[in-house]
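By written order: A, B and C. Residues from 1 in each chain.
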Amino acid sequence: MTDFYGIDSALSEEERAVRDSVHRFVDERVLPIIGDCYVEGRFPRDLVPELASLGVFGANLPEEYGCAGLNNVSYGLIMQELERGDSGVRSFASVQGALVMYPIFAFGSDEQKRTYLPKMASGEIIGCFGLTEPDYGSNPAGMITMARQQSDGSWVLNGAKMWITNGSTAHVAVVWAKTNGDKDERSIRGFVVPTNTPGFTARDQKGKLSLRASDTSELVMQDVHVAGDAILPKSAGLKSPLMCLTQARYGIAWGSVGAAMACFEEAASYACNRVMFGKPIGAFQLQQARLAEMLTEIVKGQLLTLHLGRLKDAGTMTPQQVSLAKRNNVSMATDVAREARRLLGANGILAEYASMRHMANLESVYTYEGTHDVHTLVLGQAITGLNAFQ
Amino acid sequence: MKIAVCIKRAADMETRFKIAADGRSIDEAGVKFDIADFDGFAVEAALQLKEKDGTGEVTVISLGKDAVQETLRKALSMGADKAVHLKTDAVPADALAIARVLAAELEGGGYDLMLFGRMAIDAANQSVGPMAAELLGVPCVSAASQLGVAGGRGTARRELEGAAEVLEFPLPAVVTIDEGIARPRLPSLKGIMAAKKKPLEVKPVQVGESRVTVIKMELPPERTGGRIIGEGPDAVPELVRLLQTEAKVL
Amino acid sequence: MANTFAFVESRSGELRRVGLEAVTAARRLADATGGGEVHALVMGAPGISAKAEMIGAYGADVVEVVEHAGLALYSPEVVAATAAARIGDGSYRAAFFSASAQGKDLAPRVAAKLGVSLGADVTAFETSGDAIVVRHPVNTGKVIATLSITGTPVLLSLRPGSVTAERAPRTPRVATIAPAIDPAAARVVPRELLAGNTAKLDLGEAPVIVSGGRGLRAPENFKLVEDLAAAFGNAAVGATRAVTDDGWRPHTDQIGQTGRLVSPDLYIACGISGAIQHLAGMRTSKTIVAINKDREAPIFKIADYGVVGDVLEILPVLTEAVRKAKQSH
């Protein structure tokens, strides 16, 4: 395990225990199969019950809802370890926990919490998060999905969502829609929509060259009729889904470090064992420089996420701090993955090694949950007070 | 059924070991520690026996400095019910001295089964369990690869060189657990949280005289590799001889 | 000048090689202290007394024999009580056992009964003043400890193969004695001895792994690999990715970059060339044997012992030799 700066000593016993359990799970259950899953374009669905019994779904939500009640550093370490396996596996857990369980927890009624959270923690109910639309990615405020309330208090939803992780697997979707015409972003509310509701269809998006061990779908809602109590009562405007994204991005900042660690460890081990020109390639300065650069950036990322986690546990973390960490760490991980792949030479293009898989995955991670560029602008606005989005 | 499991905190065997400056111990800087391998099997065996029985209690016991509490909590997070830390700053190299302390704790505990790992993966003596059994005067089967308990009696299988034996014994008894019983379960995240609330009793102990002293620790010579000992079937006798007398693995 | 004691291990009426190694070790220590006597104890079903002569041939001055119908199988409580009684009666400098499956069970029981300390699984020993200094591999053999053990006697269990049994013929004084407790009164009762040990070991746990690659040429030839593993008794079977990809073996058997990472005490690579992906999974094994027809194969670069040749010809011979070695253990 890559811990050049002895960061373990800054973790509590409980945090280390959580990390070690998920680490072993990934070693034993994810790594042996994930390369094949990736090549076959298949999410390893068999892992869901096991991940649930390990307790990773919504692990930072309270025990009264069947969750583990961990702190946010532990939650981050879980994401790190899962993404050390594969970004697709981590994405599944992020969506389930941060994008579906979290909004139900934060904006849902007591009954919604009691109905959904325990079954989502146990993996009986799988969720997806419908915010992004075909023409509204970085600009969710422009969404055109509409929810219209009927005279009996029920709702009818119409619209389409795209790039939805777990979309075709999910039993339930948290769908974000405008309730007062397409110009009013303050009218955006969340709805808990069972995916077997008539008019709701999910279709897998084919031909992905990234996140191949993850289901990504398009959702179409045509006169989807849900009861009045499907609305998340405490959701209010665009800031509600953005709060969910902050939760998920927090996990991504950790997860991407895990992917980078996996690539670095693979590259370092290969460099010490692969012999060329009569000596291990790790003895050549070019490869040493590669490895030194990778390790340095990983250590910085590790320190960044740990401090971010401590801020989150203290309740003082800001969305802009999360933007900085997501932006830095994912970009760092894409660089590390690419350099690792190059160090591996021809072997590096094989699915037998993890680096190219991580490299391709991280291009999605770079793009989703706020692209790298969008986070640049978030930081720009935080620094200057000037909005460069519009 | 009341079960005690004696566990040891040991270095992760994947570690690239370094000898400490005193030349008599392992440099522990940066080394990860966990439940010693076979002791993890023993905890798993105890939990499965309890689950099969439907009732009972599993107590984990460890001797050592304060760091062993982390190891005890790991066992609690797997599902053990309570823990006892026999606190001492120095654990001797003498298995008999260790067995005496553990036997004193086990004595009068009312345990039906007292489990140990077959051996501590680090010290590799494979002695403490049978010694504790002798000191307690209870039956013992060591290195069990299968264990069944019913009606106050146990049946265990032991693996021998190219053979195996089956033994029966009455409870209470000491059984030391070999690999092959069942892989230790992963502590769930809820289990980790629950472990913090389970009882962990700290008992300072005096370890008696040790007649075994570590004089030196050293790393074995580096593997060289590349040695071709012969060609074809004719090389087999030499290979077997080397495996027996040089590598000592046959 | 000091007397020493040796417990001579037997199974099914035959002495085991490790039993004679204990006699040789006891002989050496006695000689090193100026030539004391070696007293040996052997226990078994009626007929075991016929082995006394051979024990003498390896250097025992006295052979005490316990013959009892209840000792056809190793009965831990009876043997431990008898050995403890015998060792307690003499004033021995050291008492030798084998660090075999049986000896590792027996020696600590005897030590606790006598209240003396045990040097377990030692690979070398010598006297040093009042103490006996031993070498003992710890941390799965990654570290070697040198220990000093005091007390009278010191009990030692010898790692098999640490001492080569040597003849040192004498005509022993043979005495037949009774077991210290009646085998019928033992609480721990041996029920049966099973031939072969068939417990299926996980690749991660097995002390020995026999692994096969494309050099086996056809899936049915994996039988040769399985036979060798069975001869060891404590071995699991592994395979390379090429072999699992071709469906010769299940994917769970694959060792390497994408398969299992293993570090057994002994890894035998059969018909494996040693692609870097495979080496990544097994290079930390403690002892590596490679059998391959290509002398230039990379596997030989990391192998402790290489045999060049056709794996299909070599494996049956090796299997037979291992089986014999195990039987005489």
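FYI, a contact is a pair of C-beta atoms (placed from the backbone, for glycine too) under 8 Å apart; a residue touches a chain by one contact, two chains touch by 3 or more.
Everything numeric in this text was worked out from a predicted model, so none of it was measured.
Asks: Name the most central chain, where centre means the mean of Cα atoms.
Replies: If one averages C-alpha positions chain by chain, the most central is B.
Asks: Please find the two chains that have the most C-beta pairs touching each other.
Replies: The chain pair sharing the largest number of C-beta contacts is B-C.
Asks: Using each chain's Cα centroid, which is most distant from the centroid of subunit A?
Replies: C
Asks: Based only on mean CA positions, could you tell me how far subunit A sits from subunit B in angstrom?
Replies: 40
Asks: Roughly how many whole angstrom separate the Cα centroids of subunit B and subunit C?
Replies: Spacing between the chain centres: roughly 20 Å.
Asks: Taking each chain's centre as the mean position of its Cα atoms, how many Å separate subunit A from subunit C?
Replies: Inter-chain centre distance comes to 52 Å.
Asks: Mind pulling up the subunit A residues that touch subunit C in the complex?
Replies: 31-32, 35, 269-270, 273-274, 347, 352-353
Asks: Quick check: in the complex, which residue numbers of subunit B touch subunit A?
Replies: The contact residues of subunit B facing subunit A are 30, 32, 34, 70, 73-74, 77, 186-193, 196.
Asks: Going by the contact rule set out above, which residues of subunit C touch subunit A in the complex?
Replies: Contact set of subunit C toward subunit A: 241, 251, 257-260, 276-277, 279-280, 283.
Asks: Given the complex with subunit B, which residues does subunit C contribute to the contact?
Replies: So the residues of subunit C in touch with subunit B come to 11, 73-74, 76-77, 80, 100-102, 104-105, 107-109, 111-113, 115-121, 123, 133, 136-151, 159-162, 164, 187-202, 205, 207-208, 231-234, 265-266, 286-289, 295, 300-310, 313-314, 317-318, 321-323, 325-327, 329.
Asks: Provide the residue numbers of subunit B that touch subunit C in the complex, in ascending order.
Replies: Against subunit C, subunit B makes touches at 11, 13, 15, 17, 19, 26, 93-96, 99, 121-135, 139-143, 145-146, 155, 157-170, 173, 179-180, 183, 210-220, 223-233, 235-237, 239-240, 242-245, 247-250.
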